[in-house]
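Have a look at these structures, which come just after this line.
You will see two complexes here that share subunit A, one where it goes with subunit B and one where it goes with subunit C.
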Partner chain A sequence: MECFIFEAAEKCFGMEAHYIYSIADDIQITPVPLAPPCYRGLIYFRGDLFDVIDMGSLMGKERSLPNGNPYVILLKWGQRKLSLISDKIIGITWIENNNGSQTVFTKEGRTVELITPEEIWKILSELPYGP
Partner chain B sequence: MNRTSIKNKLILSFLVLILIVVVVVGIANQITNDFITAHAISAALALAAGIIFGGIFSRSIVRRLNSLSSAAKEISRGNLSREIPLLSQDEIRDLEEAFAMMVNDLRDMISEIKRGSSRIEETGGDLSGLIDKVLANSQEIDESALAIAKGSEEQTFIVQKTSLVINKSLEEMDEAARQSAQTVSKANNALVKTETGGANARETLSYLEDVLKQMVENAEPIYRLSNKVEKIKMVMSVMEELSQKTDLLSLNASIEATRAGEMGKGFALVANEIRNMAENSKQSSQEIRRIVDDIFEDNKAVLMSLRKSEDHVAKGREIIHGIVDTFGEMLSGVKDISTEVKKVGDVTRKQAKEMRGLLSQFQELSRLAQENFVSTQRTTIGTKNQKEEIREIVAAMKSLNVLSEKMMETQRRFRLRRD
Partner chain C sequence: MDLEKYKKIFVQEANKYLDELDIVLIRAEKDLPNQQLWSEIHGKIHSIKGMSKALSMERIAGLCHSMEEWCKQFQGGDIRPSGDAVQLLIDGTDLLKGLVAGKDDASFPENLKEWDRITASLTNSPDELLKHVTPEVRLVSSPSKIDRIRVDYSLIEELLARSQEIMLLEKRLPILSQDQISTGLRGWIDHYMSMLRGLHFQLARLRLIPVNDFVQLFKKTIRDLAKKYDRDVGLEVIGGELQVDIGLMDRLREPFMHLLRNSIAHGIEPSDERVKRGKNQEGKIVLEAEKRGDSVVLKVSDDGRGIDRTAITKYLKNKRSMSDEEIFRMRDDEFFNAILNVDFSSAHGTTQLAGRGIGMDVISRAIGYLGGSMTIHSEPSKGTQFIIRLPLSLSIVYAIVFRLGEYTLSIPTSNVASIERTETTSLEQNGASYDLEDRLGIDTHTRRPTHILKLRQPPGINGATDRGTPVRVAVDTIIGNMPLMVMPLGELLVMAGSFAGVGIMENGDISILLDMEKL
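For the complex of A and B:
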């Protein structure tokens, strides 16, 4: 399968490439009050609103690219939209996943942990919101 | 009054007696014719006349001589008040006058002696008072001489001590004058060295000006390089942005190619290559940026160093300007010091000369003090002798008083006036 690989929280994450809607930069992130620290805000891209999630904070580590102007990985699946901020985008690569149960791969010397947008959504839904 | 001498009187009396005898003889011859009777009568009458005349004459002389004798006796008893009567007109008159003169002289003499005794007595009293005063004065002179001697001794001691101090001061002043001369010499050397230093500082300043000018000229290419590096950085920014955009574009192209499935695989390969190129380009850009940054930093450091050097050189120039000024002031100061030290030396020498004069005067003063001491010793001896002499005078005065008393007693025996 085509796997989009990026680095965050000192790990390499892989996601099936068809979830990736686009990669954007120079996007103005609008902060949202009373949200968890990993929730950086909202962006407006090509007529859609995307939630912006910091993968470093989400994984319990330091914020990803705290000072720089990051690439934002825009995800779209079903009716849901999400965008992720990572430390580094590695790119798209082909990995073998015959039975679909394997969640960790080793590619070009990197250990890649497969993750889906649903899992991220689930983590987000378990976070406390509000004051 | 006509004086008649006794001889004439005797001659006259004899002639009168002869005349009487002649007359008597004539008368007797007339009366009687008897010769013997006539002669007897004549002789008797002549004897009688002789006795009468002789008696009268002798009585006259004896009376006056008795008067003189009585006066002499009274005078011998001290009665000089009696006047000597001048009764005679003959040679006894001379005796009377001589006697009267003698009495007068005696009277005057006694009066004179009396006055003299009184004067001696008064003078004795005055002299006694004067002697007391002289003795008191001698005592004071003695005490003063003693005080002067003590003072002279102390004066001599002080003068000698002061002379020692002056001698020491003189030595120090000589040393100071010598040091002043040495200082003048050193100041002159310092003057020469300061002039040399000033010239060197001016030369250094000129050299520093050249260095600064050269530095400014040398800095020009570095400034130009800095501007060019800035431009390179701008170009690099554009290149980096371009590679970033290319990277993003290729990434999105890869995503789109993935979404296209089998149809997009070729495009995906191209996009991947483009992404690799963009990545390489980005890395190269980053490498170039690092190098340019290094160049920029180095250039910046060089510029800073140059600015610092310029600042330092400017400061150095200011310092050397200050040094030149300081050398000028030092030159002026050293000249002033030299002049002042020379003046001090002159003044010190003059003072030393005056001190020598003072020392000489002090030595003279010491000599005078010693002489004073000797004089006071002599004065003490003199006053001692004077006291002895005064005692002798007192003794003589006492003798004189005794003599005066005796004279007074003697003259009291004489009665000068008739009371």
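For the complex of A and C:
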């Protein structure tokens, strides 16, 4: 499968490339109160609002790019959409059948943890929001 | 009843049919024996006749009736139509256009002359027409002014996306020194960008449709459901001119479908039962739309038998282990909202006495997803009302936009009584009666209040002050009073339970619209 790979929380994550809607840079993130620490805010991109999630913080580590102007990975699947901030975008690579394993290895020797937007969403929806 | 309002809708609809009629008549002229075309012509004339009759526009209805009778003769294939027959119908269509524009007034001289000629010809049989046809110079009618177009919703979405992308170009503008750029050019770029922002905002307004257009979608459904369940049902719309976002209404299609089905299948009684109860033979469904503060309120009411309380009482006892006393103490809205629970539907299934449980949890979830809420009122044998309250999602609202700490927030202008400047940074000294920063968990060290917003009627601000007393909120900076395109909260932010929506400013910046009632 074609796999989009990025770094966050000192790990490499891989996601099937068809989930990637766009990569945005130089985009203003509007912070939102009463949201968990990993929720960095909202962006308005091409007529849609995207929640911006800090993958480093979501995975229980340091915030990704706390000061820099990050690239934002925009995801769309089914009726949902989400955007992610990572430490580094590696790119798209071909990964052979993973035989159901959550961890795969790239030709370049990277260990990649496979993740789906729905899994990220599940973690997010279980976090506390509100006063 | 405001007839003028309905006449305006009639003119729009009738013109649409008349334009279509022109096209089909032109096709028929080239394919005279095609009976399908004649059925189509008949159908369109019949639709105009029905609408005009409902509004007592007798001339239009009468002319349509004569034209309809004329068509019937060709539909069965008994009489072969001639080119002159088609011409007469084209003339009739032109006359109808004049009558529709004048809302049934035939007093214009050209209309009167044509009226006499056409109505006289239509009383003859098509064979007679051939004998009496007199060649004459006909005026070529000019197409009516185009003041409305129909476009695909996705095209508007694409245009919005494109304008958004163009606006993003501003952020990629390289930093140029004074040597590289003249003041004049800088000014031109700024002006150009501000025009683009305005364009984007105007495009966003294309998404608004009147509630009436939404209701039109359900007229046929109501008719079909009424036939299926053997009910006599009429629909009344109040506030149909209210403009709401097409995206929001589109997501309400399914919930409305469920509500209408429930009303017709289980609420409204069969005609004979209604007459026995002293009600009008025709049951009535009323859809009422109004803007209230920062919300759109849609009420769907019927004058049917109402919800049977015994089914709900049984459910509360068996599934919620509530005592008679606890149930007795419940407020009506709490009591009826029990039918929105998932296990209520499954507990009562299709035989549920009032029939309201079916799919109600689905409706409630769909409305919740849009950041809205639903309450139910019902009285035995008087009827049931569903009140759906939605944030002004995706629509335009004027709001006071301000900064508080690192956040850009907004409150609808209609909720703000006044704004005062303040010199002191102390909340107590500047007289703020509601600690918004505390409610939003904002770091107090970053606060530098400069203004106090005095809010109107603060319903539900717990403990801040008595209902009706103005609430004063200290804010850091006022950005302005401006129109915002309000978009619905996503599933995650809905969980915060404190926001009414997300406001997009003309320049594409975002502000969070606070729901002061929930805060």
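Operating definition for what follows: the second predicted complex is superposed on the first by the 121 of 131 C-alpha atoms of A that agree within 3 Å, B and C clash if a C-alpha of one lies under 4 Å from a C-alpha of the other, contacts with A are read in each partner's own complex, and residues count from 1 in each chain.
Here is the rule we go by: a contact is a pair of C-beta atoms (placed from the backbone, for glycine too) under 8 Å apart; a residue touches a chain by one contact, two chains touch by 3 or more.
Keep in mind the model is a prediction, meaning the values are calculated, not measured.
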Superposition on subunit A - do subunit B and subunit C clash or fit: fit
Partner chain in contact with A:Gly47 - subunit B first, subunit C second, else both or neither: second
Contacts of A:Tyr39 with subunit B and subunit C, given as first, second, both or neither: second
Partner chain in contact with A:Pro31 - subunit B first, subunit C second, else both or neither: second
Angle, in degrees and to the nearest 10, that opens at subunit A between the C-alpha centres of subunit B and subunit C: 110
Touch count on subunit A, higher of subunit B and subunit C: C
Subunit B versus subunit C as contact partner of A:Ile123, first or second or both or neither: neither
Touching partner for A:Ile95 - first (subunit B), second (subunit C), both, neither: neither
First, second, both or neither for A:Pro131, with subunit B first and subunit C second: second
Subunit C versus subunit B - closest C-alpha approach in the superposed model, Å: 8
Contacting residues of subunit B [partner subunit A, same complex]: 244, 248, 251-252, 254-255, 258-259, 268, 272, 275
Touching residues (chain side subunit A, partner subunit C) in the complex: 26-28, 30-35, 39, 42-47, 49, 51, 80-81, 124-125, 129-131
Contacting residues of subunit C [partner subunit A, same complex]: 157, 160-161, 164-165, 168, 171-172, 405-409, 439-442, 487, 490-493, 495-499, 502, 504, 508-512, 519
Residue ranges of subunit A touching subunit B (in the complex, touch as defined): 2, 4, 17-18, 20-25, 71, 89, 91-92
